[in-house]
Amino acid sequence: MNTLRLPLAWLLWLALCATIWGAFFYAPPAEGFIGESSRILFFHVPAAWASFVMFFAAGIWSARYLFGSRQPRHDHAAQAAIELGLLLCILAIVTGALWARIMWGAYWNWDPRQVWITVALLFYGAYLALRSAVPDPETRRRLSSSYAVLGLIVAPFLFFVLPRMTGFSLHPEPVLNQQGKIEMNPRMLQVLLLGSVGLTALSFWIHNLRTRVLVLWEKREERAYDELLASGSQQSTGLNSEPTTAPTTTAPTAGLET
Amino acid sequence: MKRRDSSHQPQPRPAQQHTWFRETAAIFLKEWRCELRTRYALNTLFLFAITTLVVVSLSLGPLGVATAERTTVLPVLLWVILLFAVISGLPRTFVHEEETRTAIALRLSASPTAIFVGKSAYSLSVVLALEAVVTPLFSAMMQLPIANPGLLALALALGGYGLAVGGALVAAIIAQARSTGTLFAVLALPILLPLLVLAIFISRAAIAGDGAGDALTQLLLYDATISAAGLLLFPTIWNP
Amino acid sequence: MPTSPPPVESSITGSVEGPGTKTSSRSLRFQSLVRSFGRLPVLRGVSGEVAGGGTLLITGSNGSGKSTLLQCLAGLLAPDRGSIHWIEEGRELSAEERRQSIGFAAPVLSFYEPLTTLENLELFSGLRGVPPQRGQELLERVGLPLSRPAGALSSGMAQRLRWCFALLHSPTLLLLDEPFQNLDAPGRRVGAELLQEHLDQGGMAVIASPELDELRGISHHIRERIHLDP
Amino acid sequence: MKRRDSSHQPQPRPAQQHTWFRETAAIFLKEWRCELRTRYALNTLFLFAITTLVVVSLSLGPLGVATAERTTVLPVLLWVILLFAVISGLPRTFVHEEETRTAIALRLSASPTAIFVGKSAYSLSVVLALEAVVTPLFSAMMQLPIANPGLLALALALGGYGLAVGGALVAAIIAQARSTGTLFAVLALPILLPLLVLAIFISRAAIAGDGAGDALTQLLLYDATISAAGLLLFPTIWNP
Amino acid sequence: MPTSPPPVESSITGSVEGPGTKTSSRSLRFQSLVRSFGRLPVLRGVSGEVAGGGTLLITGSNGSGKSTLLQCLAGLLAPDRGSIHWIEEGRELSAEERRQSIGFAAPVLSFYEPLTTLENLELFSGLRGVPPQRGQELLERVGLPLSRPAGALSSGMAQRLRWCFALLHSPTLLLLDEPFQNLDAPGRRVGAELLQEHLDQGGMAVIASPELDELRGISHHIRERIHLDP
């Protein structure tokens, strides 16, 4: 695997370069869009897709944590995925908003697509809020994982079902529309797919790094904790009646609080 | 599946599906007993619902909204009122247990599934009661004729079910967090929002008198998935 | 917050058997339990064992982790490391079976204040599939009024109610955390009797108390003891 | 008046108005501390504002309200949101103290007046913070131009004050209702109703750009009376 | 669950004075206090008196009304009938003054769980106009960690915190309901010392406990005693 890592990285780099090049020189500007504005598509859609993929992956990792062997790293993976998904989600919204400014005249005009992706943003923002509200690590993992698994249900609704059915939308039909037939200039489609795959791959790479960082932090915590266990002998109970010794006993316990 | 092995455990016990129903019923009864003696959730629920209802109808009035807009705006108002009322009243179901330390006794005595179903049933009954009070009042105050009451009732039932179950699930989650009043809304609203919009759609159709289309099936789907998720997740949320 | 380095080894003088017949094949053994709250280590490898008809006493100064240990045994807290084995007739009990054969009484336990003592017990007997009159028997046994709201109980009455809750479903393992707090002499006597009967029927008991002399009246039962160093 | 004799009591104490302010400040601080214990409580509050906003504006935005209706409907929704925020915060105010048994320590340590003022001040600060976040967002999201921002700010300030103080009073009443088990929601209704109607009226005027007329003075009057009533009633509600 | 009909007359052996000088002019006298909850008579004409430096013990079985009596004295419950007179230097104290010179510790007392022990005491010292470091002194005195959330305290630690709360503003009247519950030996010792100091400074104390032997360590203080029959 490690031997593959470098070539893969290069491949990814090439793919991304190709996307950027293709977006501006290979693919023709889509008809029906003002000027060259349609070229943002190649960054807008992949971002949206990748964010959804990340959210979904987070749900799966959380499920593995809950119903598997409760290994913290799965929870870390879920957290990292959601953080990344939020970032990509914001990218999709911003690129979309820029595009909307050109196409529809305003950055924000309550298009169902905009609304629902914002709700998705809030949903996973709430995930972080929840994590911050639970002091005990074990409980935090349990609760936040459960919430992320709930996301497996909610996210598809927010990304795909509701935007399609919530009344009239300016937002273009998806590439793969209800009839399942692809209506798009093949060159555009090629670039779009390349970009989507590329960005998703990049996201997973970053995600991998982020997860490892989180795991390392956990390890550091545990080491500090084990040292605590080892150095326990110096500490006395902290519950003795002599006022003279009290400060020395309370000081370390004060240090323990996190 | 947890319940299965309970059948061959030391002291003799009745057949399992009976125990399951018995437990659920016991929880449901307990909730209502406690509530009827303290009336706390009911107080907040109805306080909010009635206040907003009266305020809205006073400050919009039957004439406040152009007749063209009414079918668009009024269902929205109705459901916003219901949603907020439920959210301001429901979290009690679980937070209260943790804060008054009764959760321990419950954990020891009942199976998670029974607890979840029992409490959801309780919340559902409260929500339905609320709807039964609010909706007629609302349509009366706003002089809003309803073309298809049956459909509206269906929307209220399905939407209320989703609110109750989803709300109970999120309440269970925040009960173990350091739950500030706002956290519940933050977690619950995004989950309940799709529900809300679907319900609004159907209510509109009911008021206008045209068909609900696939919104109904989607609402059903949402309810079903939420319930399934609840049954699946609650044990992991509830048990340490 | 116990912190001394080596895991506290429990001083077990071999598992002891009480009277009664069906006790032989029942035992609870927990090994090197570790539990910390955040970065505060509380249990650092506690081990112990108790068999049917036997009583295990857990002592230790305030904050040494007695209640934490009992909650781990009751399944109310998940230990970070370590194992708990409960064998009945050579078969290991599942988590659910344990839940149904554990009786737990502790200061943290409290009840539904709007409901009366009897209604509370009826609720729990309903949940556990015990005939409802069992609750009334117990209440009369410990001498509690049937129709007093749980929120209106005096401290000692509340402690009596905890005893009733613990014994309601005639569990096989009794976890008692400071069982005699706030009780007067008659209360202690009833408690001691109830414990005696539980043990005579081959039940196991784990009792936690900061001071041994809290337990006058039942100290003769105790043959095994774990002392937790803070 | 209670405070007066506290000046010549056994152990030496600072001058009375100082003690009064000190106590209030202590309560106020305590509330915030308990709230901020969760690390990102403020973010949660912010999220709360956004979420509720999205709920409302979604149900109006894409589902569509004619711009003509905006000035009539939107202020109502704005105030419904604020009311919701206050009411879902109600339990933290007094019932929570009773249920977690902290009320006793508080009764022993603080004078009722200080408690009432401190708690009202806390919820006032929350409401104002919320308004500061919600209102600009709201008017931006709904593309709602405000003709007279100064007047709107005034309406928000006065209305928020009324909500906070009235809310505290209602919370105290509900805490009583808990013990007596009566449905006090109806009793609390007249406390909040006029306030909201007035606030909505003024906000509308501010948005539309026409004068608020004597509604402003009425709102002021209302605030004054509710404060007086609170200071007068609370000790009797709070003390045995 | 008090049931025996005739009202109990308190057996007071005249008020006794402890050491210390400024005690002479301080006394608390309550006469024929009556309090019932709904239709349940709890206090049926209880009278007693305690003077500066003195300790009044209240015993009685569970549910006999000890805590109720203490709550009446603390001003947390209004007695139905009867009078409470608190004289300082020949002047009767107002209700508000009493509130500020009463120290109260009881099982019903609990604290703000999200706040740490120190923050809790700082809150109360802020409310009572006591210098904030007083809280820290007391915590170190009883040996509690400063930065542990009150919700995370063990039962004995919580009891220690109650002692701190009661003594925070160095009150002149100390009302202790089961002061030693859940405490280990060192805890009892600190408690006894703190009580001793309080009395030496001419303070008064009323202590309630179901059993006298709960109070080993301080029993030598007790010269007056009221026994409540249920």
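Annotations for the structure displayed:
Which chain is which? They are A, B, C, D and E, in the order written, and residues in each are numbered from 1.
The rule is short, and it goes like this: contacts are C-beta pairs under 8 Å (C-beta built on N, C-alpha and C of every residue); 3 or more make two chains touch, one makes a residue touch a chain.
Here the structure is a predicted model, which means the values were calculated and not measured.
To overlay chain B on chain D by their CA atoms, one rotates by 175 degrees, a value rounded to a multiple of 5. The count of contacting C-beta pairs peaks for the chain pair B-D.
Of all chains, the one whose CA centroid is most distant from that of chain D is C.
Here the CA centre of chain B is 26 Å from the CA centre of chain D.
Each chain gets a centre from the mean of its Cα atoms; for chain C and chain E, those two points are 31 Å apart. Computed from the mean C-alpha positions, the centre of chain C lies at a distance of 46 Å from the centre of chain D. Chain centres here are Cα averages; for chain B and chain C they lie 37 Å apart. Taken residue by residue, chain B touches two or more other chains at 37-38, 100, 177-178, 180, 183, 186, 189-190, 193, 197, 240, whereas all remaining positions touch fewer.
With touch defined as above, residues shared between interfaces to two or more other chains in chain A number as follows: 119, 122, 126, 129, 133, 135, 138, 166, 237-239, 253, 257. Residue positions of chain E touching 2 or more other chains: 108, 114, 145, 156-157, 160, 184, 186-187.
On chain C, the positions that touch chain B within their shared complex are 74-78, 88, 93-97, 99-102, 104, 106, 108-115, 119, 123-124, 126-129, 165, 169-170, 172.
Considering their complex, residues 36-40, 42-48, 50-52, 54-56, 58-60, 64-66, 68-69, 72-73, 76-77, 79-81, 83-84, 87-88, 92, 96, 99-100, 177-178, 180-186, 189-190, 193, 196-197, 200 of chain B touch chain D.
Put simply, chain D touches chain A in their complex at residues 38-41, 43-44, 47, 50-51, 54, 57-58, 61-64, 141.
By the touch criterion stated above, chain E contacts chain C in their complex at residues 1, 37, 61-63, 67, 107-108, 145, 152-157, 160, 177-178, 181-187, 210-211.
The touching residues of chain A, counted against chain D in their complex, run 108, 110-112, 115, 118-119, 122, 125-126, 128-129, 132-133, 166-167, 169.
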